[in-house]
Each structure stands twice: as C-alpha cells, then as structure tokens.
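Okay, here's the structure, questions in a sec.
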C-alpha cells in the first residue's frame, strides 16, 4: 500500500476542520499552541516511516504516556497489577471522582487519571524511578535520544494539579497508594510533560503492532499481554468517547489533551496524529477525523 | 485451520468449569435449564459449519437478539438512528435506570435493555412488525425455517417485566418512545424469546463477518455499517464486563442471559457458544472461557 | 395576636412577587391557571379561621395530599410502615429514579413521588379504598362536604403519567408494591386531583397542630406520631429545597405543584397559602415568600 | 421542670444500650476510648446547669465544632457565605465526594466535611486565625478557660487525613478555596481536636437557645440568623440520619464522631450528651437514645 499517498489524501481531507475545537487550557503552558497545527506519521512493523505536515514537531504527549506506563508496569508485574485497577470503560470524564467512590478507590481502568496514578505508583515501586524508566523506554523505541521532559509543562501541571491531588489522596484514603502521594504526583506530572513528535510516537507504539516485541527485537510483553493492552486502548483509550472512536476509527487508540492520538494496526503499523484543537471530550478534532479518513481510505480496521 | 480439532480441544479445556455460575432466574422459564449444558459452533464465511456438544440444541437467545434488531434498524434508518440512542459503553448493569436519568432518556447504547427498547420501537415504526421482521431475517440467515418464538418464555418475560416496563415508561416521559409502551414491550419480549441453536446463530451472524453481506449475497449493511456494529459489540456487547471480554477474548461479541454468546472474526467466521451457568455480570462462565481458549489456541483475535 | 392584620400585612408584602415563577405545565390542566392568584388562610387550634385574597378558591392540592395519606397509613399501620419507605431527605428532585436504584426500591421518604406511591399502595391494602378514605378524611377535617376530586385533572395526570408509571414498575421490580401497579396509580392520580381551598387545607392540617387530635376531638395519631409527621414535613416537605425552606420559614411544611403550601405551628395553628407561580424546584414563589414574611412578622417559628 | 430528675431517669433508661455501637477508629487516638462512657448536661437560658454521669469529662468534639465555626463565619460574613456552601441536606455520608462533583465544588451544607472546610477557609480569611477564634469563643461561652486543643488528636487527624485532603483539593480545583489547602486543613484538624465536656458544650450552644445572644449578653447572631443555624442543624446536623434524628428527637442537633451530640431547645436550654459507641452512620447510639428519651419524658420538642 502506498502509505505516503494515503497520508497526503488524508491531509487534504482534514484541512476543512483544522482550527476547529479548543486548545486545552487547564494548564497555561498548553494554551499557547496554535490550534491549526497538524501532523501525522505511520511506522510499519518492517521499520518504514511515513509522515505529513508537522510530523517531526515535538508536542506534549500528556495522557498518551499512560499506554507506555501501563505496558512497562504490566511487563514487570503481570496480572497482579489488575488487583489495583480495573479494565472496564468508565463512561465518565477522565478526571471524575464519582465512580472511584462507588468502587472503593479502585479506578475503572489505567487510562483515566486515577488509574494512571495507580500505575505510576506501581511502576515507581517496581523500578524506583517511574519517569526515568518511561523516558528511557521511549528514547529506545523511538530511536530518538533527544526525547525529554518539558520542565515548564511539568511545573504548570503541578501548579494546577488540584484535581489530580484530590484523586491521589482519595485513593490513598482507600489504601490504594503505596508510595507517598507527592512523590507519585511528581512522577505523573513529569511523565505527562514528555515532548515527542508524531514520528517518535508512531515508532514508539510499534511494540503493540508487533505483539509485544520491542524495536531491538527483545520482548517487552507476551503476545497475550500485547493483545490485552490493545483491548484496553480500544475500550478505554479515548475517555467517554471510546465507543464513538471504535465506531468511527475502529482501531485501538489513545489520545492526550496535547492534541496527539496514537493508534495501532496489529501486525502492520503504529500511527500518530497531532492537532491541538480538542472536542468537548478532550480528543483532537482533526486527529479523530484523520484516523477516520485513513481507515476509510485504506479499509484497514480491526473489524 | 482444522476448526473441528480446535473446537474439540476447547471442549476438553472447558469441562472443569461446566456447571459453574448460576442459571438466570429472573424468569421461571429460564431457571429450569441444566447449567452443565454446553455447545459451540463456528460458521465460516465460505459456508462451512463446525460444532461440538449441544451445538444443535435450541436455547433462548435473549439479548443476542439485540445485535440483529440493531442491524435491521440501522439498515433502514442509517445514522438517524443515533439521535435516539448512544454508542458508548455504559459502565453499569444492563438494566440500570441511573444513567438514563442523567442523560435525559437517551440510552447509552443499543445493547443495554433501554437501548434495545428504543431500537425495537424504531424497528416497529420502520417495518410495522418488529418481531416478525427479526424472525424472518434469522430464518433466512440461519437457513433454518423452524426458528421461532417460545410463547412460554415470552409470557414469562411479560409477567416479570416490571423493570423493562419502568425503562420504557421512563423513556416515554422524556419523549423517546414513538409507539405505545405496551406495543413496544410486547415485541421486545417476543424477540428475546426466540429459540435458536449455536449452529443457527453462528450462521446468522455471518453477515457481520462478511462486512454486511447477507447469506444470499445481498447486502444488509454497508461495509462501514458492519464495522460500526462490530465496534459497538466490542465496546458494549457484554454489559459491564465489556472491558474484561475484550481483554480476554479480543473479539466483538454479544451475550444473553440464556447462556449464549455470539462472536465475530471479521473476514473469517461467526461463532456461537452456549452454556447456561452465568457469572455475576450475566455472561456465560463456560462460554467466555471457551472463547478465551479458542482465541488463545488459534491466535485469532482482532488485536 | 391579631392574625387578620398580620395576614393583611403579608399580602401587601408579597404583591411584588405575584406572577413570578412558572405555572406547572407537566399536565395541561394545571397550565391554564393564572399565576397571579394568591390566597392564604390560618386556622387556630381553637377553631378560628382567618384568610386573605383567594383563600376560599379551590385549587389542585397535588402533593399536599401526601401528608394526609401518610398520616392515614401511619395511624393504621404504625411503625411497620417504615419498612417500605425511609424518612430521610432525598437531596434529589421529587421524581428522581436514581436514588431508588441505589437503595433497592425503598424510596427515601413518603413525600417524593416514589414514596407516596408506596404509601398509597399500603393505604389501599389497609382500607380497600385509598382515595375514598382520603377524601372522606379531608371532608371531615375541613368541615367542607364539597371537597372532591377533579376528574379532568385526574385524567390528565394519568395521560401524562409515564414517570410515575416508571417509578411504580421500578419498585414492583424490587418487590415493593403489594397491589397491581395500575390500581395504585389510579388512586394516586385521583388523590393528587383533589380540589380544596386555603381555608379547607388550613383546617385539614389542624390535627398536626393539635398533636394528633382530629377536628371532632377523636385521635388520629399519637402525640409521638404527630411529632414524627411534622419532622418528616420539615426535613422532606419541599423536595430538594427542604433546607432552604427550613432556613427561611422554619416550620414543617408541604408544597404541591398546584401552587399550594401547608405549614404547621404546633400547638397554635395550621396555615395554607396558594399562588400558582413555581420556582425551579417546584415550590410556589409567592407562597414561600408569604410564609417567610409571616414567620418574620410574628416571630413564630419552631426554632 | 425538675431537670435533674429527668436526667436521672434518662440515665437509667439508656443503661441497656451503653457499650453498643463502635468507637470511631478512623484515627487511632479516638479508638482508645471506652465505649461505655456516658454523660449528659443541660444548661438553661437562665444559667442553671444540670448533669449526670461523665458530664464533666472532656472528650473530642470533632464535628460539633462545625456549628460554632458556621456561627462565627455567619456573624462576620452574613448571607454572602451561602455563595460558597449550600444549606440542603446531603442524603450522603459526611465525607462523600460524589455530590461535590455533580454540584461543581459547592458543598451541600456546612456540616458535611467539605462544607466545614469551606467555612474554615472563610473564617481564616475573615479573622486570620480560624482555630484561635473558635477556641476563644468556646472558652468564653462555656466559661471554662481551660478549653483547648488536643495536639495528639490533631496530629492523628493530619496523619490520616487523606479523605479531607482530597475534598479540599477537589474544591480548590473548582476555585472554591481562598487560602492554601494545607493551611485550611491544619486549622480544620485542630478545630476538630478541641476537648470539651458535656457541661462546656451545653453552655457553649446556649447562644442558639437565646436567639443569638452570647453568654455575656452581647449578640453574636441576629434572631433570624440564630433561627437559620438551628434550621441547618435540624436538616443537616446528623449526616445521612438527619431525618431519623428529627423523627425521633425532634430538636436541632449536631453530632461528632467522638460520640458527642449537642441539641438546642429554643428559648429554653442547650443540651449535650456523650457516649463513644457510634451507629453505622456515625452518631452516638446512647446519645441519640438519651435525647429521644429526654424529649419523650419532657414532651419538649419543636414539633
């Protein structure tokens, strides 16, 4: 398949929606980005990379980091991890506390904020350095040694992090927090601040297209675990719009409020699209549109 | 692939869990079934059918009917259908009213009872005979002209149907019911009462493996609509266990409290498994186990 | 105290708010009333009656009927009644189903619709004729043999009663309904349709000011039960505005969507005010204002 | 009325329930108290004080402090206070976050923890020293200059305060916190740690029986404000058991998890009872029973 031609066609198709949606404003550092930016990259399991637009421009990966911390914790902890976090879609916004109370401090899944805090807590215990482990992994998988945290973003997250502090203390009140709350929060904020390009991320999620195999041929996850992470992405990866995303795009995917979305076509490729204008549920408007067009044009979908 | 050998191996593997779980008791007519019954069938897109155990024994399809009424309504109504029902996982039990109140009478998805009542209401308006349209479709797709309603089950559903009556009147109070409530309920109860075997159902869901094409080669759904129905099955098909099912099985599937589960491997085959013992969330214990084994043994999964 | 003079002063004070709020429109028959109507009456425990404005004009008592059915059921059933309905404020609108689901079909209190349906069901069982028992009681207490149902209102309630039907079937699904749902609903709709004037109602609630003693000197409730009914009125009598009402008025009270409110000053008098314009929570704007003024002017309050 | 004789009779009556219930264990310092302790005191508006049992023994006042911080903030802030906190019963446990999310960070009332944190925040802004202002007020009203904080309790509250931290950060995320979260929490924890006897507290709530007048004859609250505080106590003073408390006791009251309950008979006296065994909703078993007996024996009730 001529991926470069397909991406070019996608780019044409999404132009009308560029600039639609609203840039995330919950932290000032994110609010400054131009909503009309757009980039998309595709990295095949064979190692070829294609891209359009701002595909080499680093952006704040935000919640996309949650896929990688999940994979890293799962690879070390195995099924024991699921005692502390569920794997069901939440049906609620990403930062809701309601369900957490009804379910006694066990977050619904690893991709809502509460769940990602539990994963960070676990990874911190398992490695002693959650954020460092994540950064090193992403540098290795993307082949880009310059992948790094953005300290301005991290500081802004911390300054405006009352909701995440509330979530962490709330889970601690149920006994579902092993490390000290401030330590977990700091690692979490730094992880969200990582700056990566579409090219970096398309390559970095390649292990999920390769059924658990890393870029260097070693294995991070078993075949079964890779399937599980993809399944959780499909059912929980786009907040309370997971059903809509599965319906339109039909691929496991994970979005972030920085405007990025990664998606996986098992056995074939990793994808990443970036455009900062978000819809009401926190997903990139042009990003979802681009993935919708891509799957329609190529007929590639898991369904 | 030697499907018959795989099915035999699955059968061996599930023997230890046969009889586990509890038979549905919410209507007396269902409670009488032996929980140790087990059958499984596979129907390829090429038309071959394989089966084990009680695969030719008819059972009450219950909520599995919701997949077919959705497809029938969608084929006639197109995207207009989604104005009256959502497509997000509910995160709540199948008969909850809570979310319906928060969301002003619009059910979360077509596979919770409230959503299926809306679909039945719509199909009734579109065809004048919702249950008859469904029966005729299932006879045609399964190639079994004996597929029929079970009047004892239907009467039992009606007698113990207070919760479904509550759901229908509740939606009517929000203006989301076109026909009279008793008429919609009657069609709904009859639809749930249909008796079919694993062989019948594996064949009947073939159109979802064939991207929308019916058994006779005509088209029920567009390729895009077929993908959409599969996506809704994956994210919403097993009540509040959809995440767990996607995680373990990794296929679009739909369960019923009669103990049946259908699943689809796009481009390849339809599957149906039946065993009446249910877990706490209303899904067949041995049925989920069998599909888990099947996908593990064959490596077939959408992820 | 010169009650007539106080009432006159109250009337002057509320003139600016007459016509504010919105007349109930959930049934057409109520929507036709002029929102500027206003009446108020006071009946002392000694038997004197005072009134202003439209105090002799009958209006639809609606939910005010719930106080009397509660008292009638309690007088026959005693504490056994509380096994089927709670006595806590709901914190939710009067017709919510959410709490009912979390609390397994036991309504929070007798003054939300679900609770009143349970009381009606119980009174029907205890007397064989719930609505007739209510009407006869109200005729006796008000001394007005013309108190009667309004069949147009009752029919309109039935026609637009989907929400109440949903509540009743929902409780039936939890086993909290003894009689057939349609029978309970019919009695409930008729009870709400009773037409009475401020004078009638101020007298009819006199037994609550007289610690349980009826107009003819006989006893309906024990002193303790009368205190209990007053307590439930204070904490639950004005839907999700009970706190605000206690704060402003400081009397046990019960409102109806017909625009009426009754209030009790133990040992002293019964009060009734009527004005059809409702606030967002279903309480008469001018009615609450009048009672606020009355308690401020007289210094009469239970606090 | 011979209050001393009544109290003696109450004491006899409650002996069978002494030791019932469970001592609060959420902080270790509270768990060490003997559950069979019991004391009760009554202070008339004329200045007489009566007591039985351990009525001079100091205990941890915990949430009873919320009545006084509310009164102190209201006296300085007036109605402006109600922009930041509601006055409706919550229908939920005292430390729930659910409602807070649905209502956008505005707590239901000043007597659930979230509401008390807002009041503390406000009082801190108004006085510069919330806890000091509270302590000085309680010393003056009780006439006991030894009333003081218990630093062991305060430290224990802080150590086990994850839930309260979660509440405060959650409200801060909605912009409903003026001071820094740690500062507000510290004052809150110290306020809860105050140790007072039944005698102290019965006297200290005298201003609510005297319609706002302090022990020294000066005025803390207007007559109307005193009525309002009493009303909020009645509808919200005993968590999700406010309806039950009003039903059984029929007085404005406020409980604490230390086992104390204060109650007010307007125009007549303040009451305080203490016994550490708590029921499932956090109210003293023997305390509620004693107040129930007291109002039954004396016929004193606001209803």
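The chains carry the letters A, B, C and D, assigned in the order they are written, with residues numbered from 1 in each.
By definition in this document, contacts are C-beta pairs under 8 Å (C-beta built on N, C-alpha and C of every residue); 3 or more make two chains touch, one makes a residue touch a chain.
These numbers come from a predicted model, not from an experiment.
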Most distant chain from subunit D by Cα centroid: B
Separation of mean Cα positions, subunit D and subunit A [Å, integer]: 47
Chain centre separation in whole Å, for subunit D relative to subunit B (CA means): 55
Where subunit B touches two or more other chains at once, by residue number: none
Touch-based graph of the chains, sorted into line, ring, star, complete or other: ring
Footprint of subunit D on subunit A - complex, ascending: 96-98, 100-102, 162-163, 165-167, 169-170, 172-173, 181
Of subunit B, residues touching subunit A in the complex: 86-92, 99, 108-109, 223-224, 226-228, 230-232, 234-236, 240-244, 246-247, 250, 252, 266, 296, 299, 301-303
